[in-house]
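Just so it is clear, A, B, C and D label the chains in written order, and each chain counts residues from 1 on its own.
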Amino acid sequence: MAGSTTGTVFRVMTWGESHGKGIGVTVDGCPAGLPLEEADIQAYLDRRKPGQSKFTTARQEGDRVEILSGVFEGKTTGTPIAMMVRNTDQRSRDYSAIMNVYRPGHADYGFDQKYGFRDYRGGGRSSGRETLARVAAGAVAAKVLETFGVRIYAYTKSIGSIEIDRARFDPAVRDQNPLYMPDASAAAAADAFLEEMIAKQDSVGGVVECVISGVPAGVGEPVFDKLDACLAKAVMSIGAVKGFEIGDGFAAARALGSQNNDAFCIRKQPDDVTGSQAGQGEKKAFDRQCGRLDGIGKKTNHAGGILGGISDGSDIILRAAFKPTPSIAQTQYTVNRDGEETEIAIHGRHDPVIVPRAVVVVEAMAAMTVLDLMLVGRSARL
Amino acid sequence: MAGSTTGTVFRVMTWGESHGKGIGVTVDGCPAGLPLEEADIQAYLDRRKPGQSKFTTARQEGDRVEILSGVFEGKTTGTPIAMMVRNTDQRSRDYSAIMNVYRPGHADYGFDQKYGFRDYRGGGRSSGRETLARVAAGAVAAKVLETFGVRIYAYTKSIGSIEIDRARFDPAVRDQNPLYMPDASAAAAADAFLEEMIAKQDSVGGVVECVISGVPAGVGEPVFDKLDACLAKAVMSIGAVKGFEIGDGFAAARALGSQNNDAFCIRKQPDDVTGSQAGQGEKKAFDRQCGRLDGIGKKTNHAGGILGGISDGSDIILRAAFKPTPSIAQTQYTVNRDGEETEIAIHGRHDPVIVPRAVVVVEAMAAMTVLDLMLVGRSARL
Amino acid sequence: MAGSTTGTVFRVMTWGESHGKGIGVTVDGCPAGLPLEEADIQAYLDRRKPGQSKFTTARQEGDRVEILSGVFEGKTTGTPIAMMVRNTDQRSRDYSAIMNVYRPGHADYGFDQKYGFRDYRGGGRSSGRETLARVAAGAVAAKVLETFGVRIYAYTKSIGSIEIDRARFDPAVRDQNPLYMPDASAAAAADAFLEEMIAKQDSVGGVVECVISGVPAGVGEPVFDKLDACLAKAVMSIGAVKGFEIGDGFAAARALGSQNNDAFCIRKQPDDVTGSQAGQGEKKAFDRQCGRLDGIGKKTNHAGGILGGISDGSDIILRAAFKPTPSIAQTQYTVNRDGEETEIAIHGRHDPVIVPRAVVVVEAMAAMTVLDLMLVGRSARL
Amino acid sequence: MAGSTTGTVFRVMTWGESHGKGIGVTVDGCPAGLPLEEADIQAYLDRRKPGQSKFTTARQEGDRVEILSGVFEGKTTGTPIAMMVRNTDQRSRDYSAIMNVYRPGHADYGFDQKYGFRDYRGGGRSSGRETLARVAAGAVAAKVLETFGVRIYAYTKSIGSIEIDRARFDPAVRDQNPLYMPDASAAAAADAFLEEMIAKQDSVGGVVECVISGVPAGVGEPVFDKLDACLAKAVMSIGAVKGFEIGDGFAAARALGSQNNDAFCIRKQPDDVTGSQAGQGEKKAFDRQCGRLDGIGKKTNHAGGILGGISDGSDIILRAAFKPTPSIAQTQYTVNRDGEETEIAIHGRHDPVIVPRAVVVVEAMAAMTVLDLMLVGRSARL
């Protein structure tokens, strides 16, 4: 089926393999009139680009995006926006080690069972490189959302057991370290830990947290297309994500109702609520209250900005758990296509952690999802 | 938009409000030839019926399902299966306490912001009673899945901090206590804890775990419609769910790659792998290996049966975190429709925990999702 | 698949068989705030009710619609509107004549090939009675469209070779004869012709024409979801429709460009353009010019109100060709389920022509389609 | 919305403007294992290429297709197939004549009303050049259908009033004249007529007929997704199509039931039924009976191969009416963006008739539609 398509009104279809001709995406349904140029997309792509630090693959892709359609005289026309990044690093390689062997933690076996065979070059369609197309589409969505006053800010919350400290949280710090952690001290500790992982030929997982500010109350559809359900699907569809939370998430399962319910309140003055400045620089971003133009807010935000699947005007807070990079150089037990047990050691440079480069992917998926539901919601009333 | 519709091939549309004429669902796309009768649906509905224990609302609904179409001479015809449960408990009530006040933890405020007004009787469309329609559709899906050799078994994993002990896990015990816990000892402890909650006019959250056995490798679509992504959306769309995990979930974010990767293996003999007996009675259900007809399995199952969004033939294991019941009798601060701060105390009998009655809802959502992707997958190859 | 579902934002799912428990429909995505009551729906249903004249089946169904959800305090809530009509005329009958024999001109054989068996009672799902659900949904759509200033008016254009004369066209006359012809003289001639058909145990086809007024320019999506393409699908999905035209239709295939192009013009005064009074009483409805609030119109309307798949502000004019009623009492050659040649004569009262009762069905399908695209179009611009 | 996307399982999204960087399409949902190379696509594209005769625009596009993804080692992988044709003829031009003036018969005015502005270069997204993407996707669909034994053969049935004569019908002749008429004599007459049109700076319409052979009985979904309804939408979505017929089409509206019903029959010997050789060279293609592997056929085919929206195993026969090319050099009255009446004469070379180049587009749309419904139909039974 059409598993590479998502969205109802803001519809996105992606294509491409890791070592094919390129990666691309078409956005069908972007509203007309948005100023858009390649630099808008490129800025997002650069955040997931490989080769930027000692912790990312050395693959030297220019990853230059080309807008092929849908923009005229600097503005979106309402017709499909096609974007493409050519793969420039397609050296002929020796894939004999993986073409017939199922890499643990990868989709190789599932693809073969599903389709009868697979493009084994660098993971083919199941490569993390596929997320490049998501980021390009997400960059468009994020720019539309900006015109609606919605901002999305994600960051690395933890790598292995090293977690950012809310007391040291500084949004501006995120872009000052290659791990995208908004806490310089945690970033330094994680950096050392990852050096250790590389030395041990091992890898580690982590958590991305994402704050979406400025979404008005009333976004999300009842029952199946709840805002949190759509966000969950969008984020879980990123390879390697194994868990998803909104607001207090699993902690809510241990809480009492009297603690977990957020009391509604009336904001007394504009600046006693800090919700709309998420990621703008202040530490309060964590324990913020929410605020709405109509003056109704909540005293706490255990709900993470969504009640009954519909936004309540508070900041939307979500988390995604990423598993460790499955490609490791250690020898692992596995099976080959002939049904024989064998061993595999995946050489070549692989990121010891997926999370830092996934931060912008989470933002992109969140942007697409929120925008689609906001557009869909335009028909909620006569 | 059409937020009450889900599925691509096995498509489901639900309708109904808590205190309207009834709750219903139409299943469009069920394959022809399935033996089906009202008793098949009723058996599922009875598992979420109110009034069954001291921990569920006293509402006395017969909740008798009627199949209105799509079945002829005892078999599905391939055309839409409409099902309805009439609301029999529609006593005229005094809703003045909630019609103008936003209950904390509920969708009241979001609905008003979205639609301009809302059916405030018992929560209207956002009532948990809406899940009745999901369960009816899920019962049909589960019966189709049975013919494919797929079984779904969910249970209460924890209530508050009281969690089942894997060493005492006994699937058969699940249906012997009103909390649907497969561990009699934990069920007894939770029972006592819930008595305490009732006395304190408070509520608590919990976790449902679900095991899906017998799904062949190759189910799920790459990129956006990954099996785990679709399951996440389906489960997160159940009201009150705040977190979702596949396999090791958030624990994977703290793991090393060398621990988290599951080694593929060849099964030596049919019975050295217990994956296909999930929920059939043995404790090994927790730490099972997986097995496939073609003999390829995995030595562990940290992945929870899904790699790269595609089933790997192992048991699929997922968890959903439910927040505490938001309706509590304690006085809470809130706001009314006129934008004034006020207080509310929600009287009447409310379940002190949502989880036990949600167990079958999780099964239903999982069944619809897996079936839809299995049917969609019929077109994966020529 | 889900062939009983249609629409993107205004989504409709129907169910039911001719001799099952009833016929129903759920509308998921109707905007909130529309005043709606059962009488609104019933007025539409009554236009397709059997037993109203000598030319319709004698089946005595009350065909009373019940709104089951989605309306609160007299207004739509934005949540699914479920509607149902119980079948009251379900006498046990002798179906042995048709259960194993394929009726010529019917879907019996196709259903058996598709599903392996079929509900043969009165045609089951493929019965014309299925259109009742379309009409109920269309009635809701039409009422929403009224609030947008859009009116839909269909009528019988021809029965066999008897066609209305434009010179005698009078919209008010349509509802004064059971054939729904807006020309009393043609109606009388058709009446006599149908008497002859009944005597000869034969049937005849005809054409329905439909005028949609008040649609602003800019409705319809480029490429695949053009307004005329969506209307074509909607109308062709009515059983027995074999042809569809917009504007000049097949006549355009014989025209020259210099004749067929409609010149754009500026309206000099409000009443020199009569486009917006379609069906309001004047003969000019046929050869009308179009007019738009912004003053741009067309001097002619060969295009039928749609250019490049997008409305141009003129009246939208479409036609549907209906084949003769396939059920006739004459003996016909056919084949049975055992693959043997046999004969069949379909007794019982059948309408000698489908068209009059289909007029409101065409209106209903047009209404759903135009509304869905108008709602979808709300996202065309920022 | 997403109007450039179509299909449920075989999903197609197109992009591109007439004078932008190129035209492209992504096919998401093509089954894995189909041998496919660029030459397969190119053969279809060459049939709609401009510059091939005196009746087509002189635009010299190479129109070379590039497959960007989804094919590995010569076979489709089941993942999205992206294809692109770069526009090579993008000379800077003077568009001042059309950028502010609404061309009669074109979508200019509707686009401006919908989106606020438009890419006016050569019609932008509404250009006939957009069909290139449809043909590329259709070529893939047609190749899949071949493996199912389904063939699609379309041709020019008429240009203006000049129609092919069934007695002279020869499928092989179609590709021997630039008008794609399977009757050499009619082609010669049409050729002369078109010369006259060119001299008069005028244009003319025509009809394309399409025969789809080899579709088994049982394809198409009841109610809204009937096979004929889906074909109608697909074909009507081609720019300039104003009418659509299945089988006898509008003639059925004048027929009697006793004439129009096709009697079912049993085929006596394999070769007494010629239905499966449509377009293979014999004249009988017109008046053929149908045949099925199970031996059930029809003595006539007024139905055009579809009963109740479901294929009956006979040849599927459809027709599309194309209006005259709206771009003509004669002076026409119109209006400009400032709301002033003005005149326009569209210079440059334009085809005097759209039909010949549209023949392959009709085949492409038919192929996509039939394939999608055949894949969807794989879930009709358990």
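Operating definition for what follows: a residue touches a chain if its C-beta (ideal position, glycine included) is under 8 Å from a C-beta of that chain, and two chains touch if they have at least 3 such contacts.
Remember, predicted model here, so these are calculated numbers, not experimental data.
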item	value
Over-half contact-pair match to C-D, picked out of the listed pairs A-D, A-C or A-B	A-B
Farthest chain (mean CA position) relative to subunit B	D
Interchain centroid distance [CA atoms averaged], subunit B/subunit D, Å	46
Separation of subunit A from subunit B, taking each centre as the mean of its C-alpha atoms, in whole Å	26
Intercentroid distance (Cα basis), subunit C paired with subunit B, Å	40
Per-residue overlap in subunit D, given as positions that touch at least 2 other chains	1-5, 8-10, 14, 29, 32-33, 78-79, 114-116, 125, 222, 376, 379-381
Residues of subunit A defined as touching subunit D within the complex	1-5, 7-11, 13-17, 20-22, 24, 26, 28-29, 32-33, 66, 68-70, 72-73, 75, 77-82, 84, 114-119, 121, 124-125
Subunit C to subunit A touching residues, read off their complex	8-10, 29, 31-34, 78-79, 144, 147, 222, 375-376, 378-382
Residue ranges of subunit C touching subunit D (in the complex, touch as defined)	1-6, 8, 14, 102, 104-107, 109-111, 113-116, 125-126, 130, 158, 160-161, 197, 202-207, 216-226, 228-237, 239, 241-250, 252-266, 294-296, 299, 302-304, 307-313, 321-328, 330, 332-335, 339-341, 376-377, 379-381
